[in-house]
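In order of appearance the chains are A, B, C, D and E, and numbering begins at 1 in each one.
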Amino acid sequence: MNDTYLEYQAEILRMTDRDPKRCMICGKCTASCPAFSEMDFHPHQIVGMVERCEFDVLETVEGLWHCMSCMACSERCPRDVQPARFMDAVRQWRIRKQGGEHLHPQQVPEKIDEATPQQAIAAAFRKYRK
Amino acid sequence: MQRIGVFVCHCGTNIAATVDVAQVAETLGKEPGVVLATDYPYMCSQSGQDMIENAIREQKLTGVVICSCSPRMHEATFRKTVARAGLNPYLLEIANVREQCSWVHKDREEATQKAIILGRAAIAKVTLNAPLVAGESPVVKRALVIGGGIAGIQTALDIADAGFEVDIVEKEATIGGKMAQLDKTFPTLDCAACILTPKMVDAAQHEKINILSYSEVEAVGGFVGSFRVKIRRKARYVDETKCTGCGLCTEKCPQKAVPNPFNLGLDTRRAIAIPFAQAVPKVAYIDPNYCTMLKTGKCGVCSKVCTVGAIDYKQQDTLEEREYGAIVAATGYRPISLEKYGEYAYGQSPDVVTSLELERLMNAAGPTGGTLLRPSDRTHPKTIVFVQCVGSRCEEDGRGKPYCSKICCMYTAKHAMLIREKYPDTEVYVFYIDVRTPGKNFDEFYRRAVEEYGVHYITGQVGKIVPENGKLLVQGSDLLAGMQPKIAADLVVLAAAIEPDPSARSLATLLTASMDTNDFFTEAHPKLRPVESPTAGVFLSGACQGPKDIPETVAQAGAAAAKVIGLLSRDHIVCNPCVATPNEQMCNGCSSCEKVCPYGAITYADKEFRMPDRTTALRRVAQVNPAVCQGCGACTVACPSGAMDLLGFSNKQIMAEVDAICR
Amino acid sequence: MQVNGAWQPTIVAFCCNWCSYAGADLTGTNRLAYPANVKIIRIPCSCRLNPLFILRAFGRGADGVILCGCHPGDCHYTTGNYYARRRMTLLFSMLDFLGIERERTRVEWVSAAEGAKFAAVMNDFVRQITVLGENKRLEDFRCK
Amino acid sequence: MTFRYYPGCTLKTKARKLDETARRCAAALGAELVEPADWQCCGAVYPMAKDEIAPKLSAVRALADAKAQGQELVTLCAACHNVLKRTNLDMANDEHTRDAANRYLQLPEAYSGETTVLHYLELLRDRIGWDAIRAKVTHPLTGRKIGAYYGCLLLRPAREMQMDDAENPTIIEDFLRAIGAEPVVYAMRNECCGAYVTMEDRAAAKARVEAILQNAQACGCEELTTACPLCLYNLRENGGALKVTYFTELLAQALGLEAAE
Amino acid sequence: MQVKEKAIELLSSGKVSRVLGWKQGEFCYDLTPAVFESAEEVERSFVFSPLAGANLAKYLIAESRKEGVVAAFLKPCDSYSVLQLCKEHRIRRENVYLVGVPCEGTVDPDLLRENAKGLTAVREAGGTLVCDTLYGEKRVDLSAVLLERCKVCKSKKIVVFDELLGENGEENPQSTRFAAVEEIENLTPEERYAFWQKELSRCIRCNACRNVCPACSCETCVFDNAKLGTDNKAPASRFEEQYFHIIRAFHVAGRCTDCGECSRVCPQKIPLHLLNRKFIRDMNTLYGQYQAGADEESLPPMLDFRMDDCEPSAARGGKQA
């Protein structure tokens, strides 16, 4: 296994403070996920990829950006693995690694309407930008 | 003068590969008092034991040190060896140089040095060992079985068949337990009642068995061979000796809205009831929480209709005290509460039921008369979803249990099969994490469910159940297909984790039997003594020790009975000689030791002592009952003067070990 | 203890017979390593540990003393470890009050099934004592 | 009873209604809400990565301010509530976050999680009490079948929010009962409405909202109420099948401070 | 004097056969415990004054086992010790007649001598000590020369008695007796170690603390037990001072009533009571308020437990490094 990937793994484990080895692949996270149909890979798979150091795949996973951060997966996980933390950590790792910018400020105006609370904009930037 | 022999075992290469056994023997041979030090490939072999025996005789050894595996492994073996050579078996010490040395260290030099130090500590201790003689105490030839489910009934029958008296204490109004509530049993699909009720009747009719139903153990005193147990016989407001079980009262009682516990509240019964048709004893009892007469003093219908005058509204709880030689805990299990599983809508929709509730819904004696109807609208469910592992293998705080409940995979296969058999137009889905079928004919049974009966097994858990328009929308995951199936079900069955009956916790305290973190009773040894609790004279039967199915429970019940029979067939039992012993000259009589003794083994006596000035004085001093003392040593530290000491682990011996290790 | 001219800590571990001693045996059965500095003394129950023994060990040159017993609630004798817990809590507080390094003493609950925990605890404790260095504050120099 | 009050950014603009009714109701119920002069946006999203300190700092400022005043901190927006409570727990329990935040902020007195954070609903339940509210209701919402929409951030993670059972909550239902309305329980009330992706993927959010509204209607809800501005926006803009109001608006109606529409 | 008269009355009426009280010692400021067998003896040498600091409780262990009833005068402090010893079945309650004597504090003779150089005689007059000195009469305020334990008095309540001379007092929950413990706890570990080294290294193992302590009443002390190998007499190494004092404090923990006798009698002025108070304070904070000797029924914290007691890792005897 390559050393860089091990470093990535260590970084993600530090961020999540959870142990992916505790996952027993029951799929309850994925069963609870409201964004299932939009995702290419699903919460239990993200946890598994971190555990198996598959950062080549994680680099391209698009499902991360569809996660609604609703924490239903974390709440219902019977092993306290907290997949939502892994989602967030991998997202952070991607953003930090590519120097940020999943969302550009220029894109914002077209995405909002009159009533959009700024909470939504702040949240989008927090989640998708460094 | 001490003449100590040191025997260093190679344990093949287990020890010798990491520890230089020859060097250990040579070095320890130079210790003061050691007259012989030798090594040998397998000390526990016949020839190894012979060698030790011969050495004791020839060298007139006064103490033996064996450097070998853990004393938890072979201390008993070597004690017998030593005794055969005529030496007191307690003049032996074992230095654990395998589990705690050769197996945990890699460096040969370090491991060898440590083995030498451990050997020295053992030598230092054995030098101070005193010959100990185990005492004896008499055995009361009667057993107590706590819990009257299949485990308790089987244990009682086996003990009674061997000719010993047995009392069964059951907290409910009838024996039978959970098995009486089941419909069919896996993997043979016999009817549970058909195989259980004959046993219940056997127990009731057995001349050696005495059933104390609607009773609870309140206090336990004494010790192995002679326990003194206080039993509370709860008031059932019906004279058990007069009631004929005719059932007239249970039809006439005007209070009709009592949730029926036998049917898990799926239907109602009267305030006076016989739990179920085959109840043993078949005697009515009144639920004081619902009885109008007991609550308001007005009614008395049951008393009027009873032809034998068995109703007694003034009945009180009574306490009985009896003596027993052995006690068997058979307190069983129950499904966990699913209150915290809001995502599964249990409690929100009546059509989400537990597996045990499903048993009642399928049982001919159940609320639907054996036709599978869903509770909300009494229609036939056409689509049924089973959810496995609800609360099992769960490490969340306060929701579930970390262990596998063991029986769910099989009973779910049974349910699915029975439903498909009886209602072929019903689709059955099972969401599971793993299917665990390690039992005789178990996997074949599960495969039949899939192959013959067409039950849809889906690998994955359910995330959310949404009741909507009379349907239950089940959203799960199918991990193999990579899908998130959404099934509109009519009935959902949750395989709730099982947990020990809550009465076990307080019983464990009464029995001074230990429990694990999940409140299952712990065994004396997980492999070699699986039906004994670590407390002498207390045995374990059934699911109170861990999740179990019926065949396993019956096997364990028989095993526990065999242990009890072995104990009761002796007139006396040998006690553990490593007990606390007070030095009366030094004892202040302050009662500190008595306060911390978990067994009540310490009493006090006034004794006359000669004082330094040649007068005599009366002093209060501690006395230990060696048959009751289990040798924990709590008293030895509570004692400020050091008057209380523990044989086999004396202050002086432990300090000698400390000195040897630290020198 | 001096080994090849270098100081090595001496650790005395008191283990209750039913849980922790069995746990230590399991560590061996599973071949999980921990330093040889640790020497185990078997006692029937954690409540058998007299503070006298701890101070004696320090006096004779131990650098760390650790007590391992059944988890609270799981004592073979039902209540022994509860008493041990109070006694050790108060004793450790007193040693700390006297300015004797708090880290030289420890209590850990190790069940018969926790072989891995036993190894982890011992590795950690030896590391901790090695960092602390030689026991100077509670030693009887005549015994050196 | 005086409390520190953290409104959050949205309540000053798009969710003015929530802020305004909450203040008037609190005053009517005898609770004084004092807004600090210089609060900043809480950050809107609690950073789950443990090493993200900066996004937590403004929450720490608000918490430390409440501590300095010796008052409990009341907040209203579900997102602010989530960020404040979880940041507060980090400050109490996580040494790394505490050290870094304190070093960075250089507060007059180091902050380590002393403040109690209350959601406005908790203020109603635990400080004022349903019975006291019931006693003050002049215009009970009799006959109105209202479904509570909890969303995600108000309750999850339950272990940290310590507010209610995340899978089977009762706090808004109890509230509705106290103001005379008829609460309707429906299973989707704690399923995500997709608000966080509404900018990125409006279609996904729409699908979520539809499922929620369908379930609510099927269970007999005639209107919905929520505590979260983002949920409200989403349920209104991407749904529309049911009327959605802030729970404080309902309270204001019940207390006679505002007329029902 | 009331106390002396009571002693005479008890003996002459035959109600008791002996009286345990105080008499003049070697010096005028030194009152020593004594047993009186007749009214005449009492008349001749019984003395009671604020200088009667000695706690009589421990003597009752032996005295209560002799023929006849012995009367004893108890200050509030002493009464706690007596009740504790009754609880431990050490004093035979039926053989003792206890007379409670209210107390306004006892005198530290060293402080008195500093305030009245060349002291030859002393008597009390309403809160003031009238001292005859080589340099003439000197009046010293009692409150100025109190023992440390009396300055921070925990209770003026007499918890066990058959008869009371005067009014019974109250417990004093405001006592600041733990302030000195806290002060040490606030030192760094290095400073704490240095402090105790300075104090304990002065110990000469005279055993005065042990001999006077009512809780140290073992038939044989572990430190005298040659068989066990724990005996030691002279402190040959600093380890032994610590060893002795830690174990002694541990053995009396939960039984020590904080009577302060150990420090009063220590010829080296080691503040030994601080060790006992440390245990008392820890037990109070960790396991709930407990006062040894306050009653006969309650279970002392060392012989009790709760399932949710704190873990030893939480034990902190002071600030950490």
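In this section, a contact is a pair of C-beta atoms (placed from the backbone, for glycine too) under 8 Å apart; a residue touches a chain by one contact, two chains touch by 3 or more.
None of these values were measured; they are calculated from a predicted model.
Asks: Can you list the clusters of touching chains once subunit B is excluded?
Replies: Taking subunit B away leaves these connected sets: A, D | C, E.
Asks: Compute the centre of every chain as the mean of its C-alpha atoms, then state which one is farthest from the centre of subunit E.
Replies: A
Asks: How many angstrom lie between the CA centroids of subunit B and subunit E, rounded to a whole number?
Replies: From the centre of subunit B to the centre of subunit E is 51 Å.
Asks: Quick one: report the Å distance separating subunit A from subunit C, using the average Cα coordinate of each chain.
Replies: 43
Asks: Could you give the separation in Å between the centres of subunit A and subunit E, each centre being the mean of its C-alpha atoms?
Replies: Each chain's C-alpha centroid was found; their separation is 68 Å.
Asks: For subunit B and subunit D, what's the span in angstrom between their mean Cα positions?
Replies: Centre-to-centre distance between subunit B and subunit D: 48 Å.
Asks: Among all residues of subunit B, which ones touch two or more of the remaining chains?
Replies: Touching at least two other chains: 343, 464, 596, 638, 642, 651, 655.
Asks: Give me the residues of subunit E that touch two or more other chains.
Replies: 222, 230, 302-304
Asks: Among the residues of subunit C, which ones contact at least 2 other chains?
Replies: 51-52, 56, 73, 79, 83, 87 - these are the residues of subunit C that touch more than one other chain.
Asks: On the basis of the stated criterion, which chains touch which? Give every pair.
Replies: Per the contact definition above, the touching pairs are A-B, A-D, B-C, B-D, B-E, C-E.
Asks: Would you pull the subunit B residues touching subunit C in the complex into a rising list?
Replies: Subunit B residues touching subunit C: 70-73, 96, 98-107, 110-111, 113-114, 117-118, 121, 508-509, 512-517, 522, 526, 534, 578, 596, 598, 630-634, 636-638, 642, 646, 649, 651, 654-655, 657-659, 661-663.
Asks: Could you pull out which subunit D residues touch subunit B in their complex?
Replies: 159, 165-169, 185-188, 190-191, 214-215, 218-219
Asks: What does subunit B use to touch subunit D in their complex?
Replies: 339-343, 345, 347-348, 397, 464-469
Asks: Which residues of subunit E touch subunit C once you look at their complex with the stated criterion?
Replies: 181, 184-185, 189-197, 222, 230, 236-237, 239-240, 242-243, 246-247, 249-250, 253, 275, 278-279, 282-283, 286-287, 301-307, 309-318, 320
Asks: Any idea which subunit B residues touch subunit A in the complex?
Replies: Interface residues on subunit B, with respect to subunit A: 343, 389, 393-396, 399-400, 433, 459-464, 475-477, 479, 482, 484.
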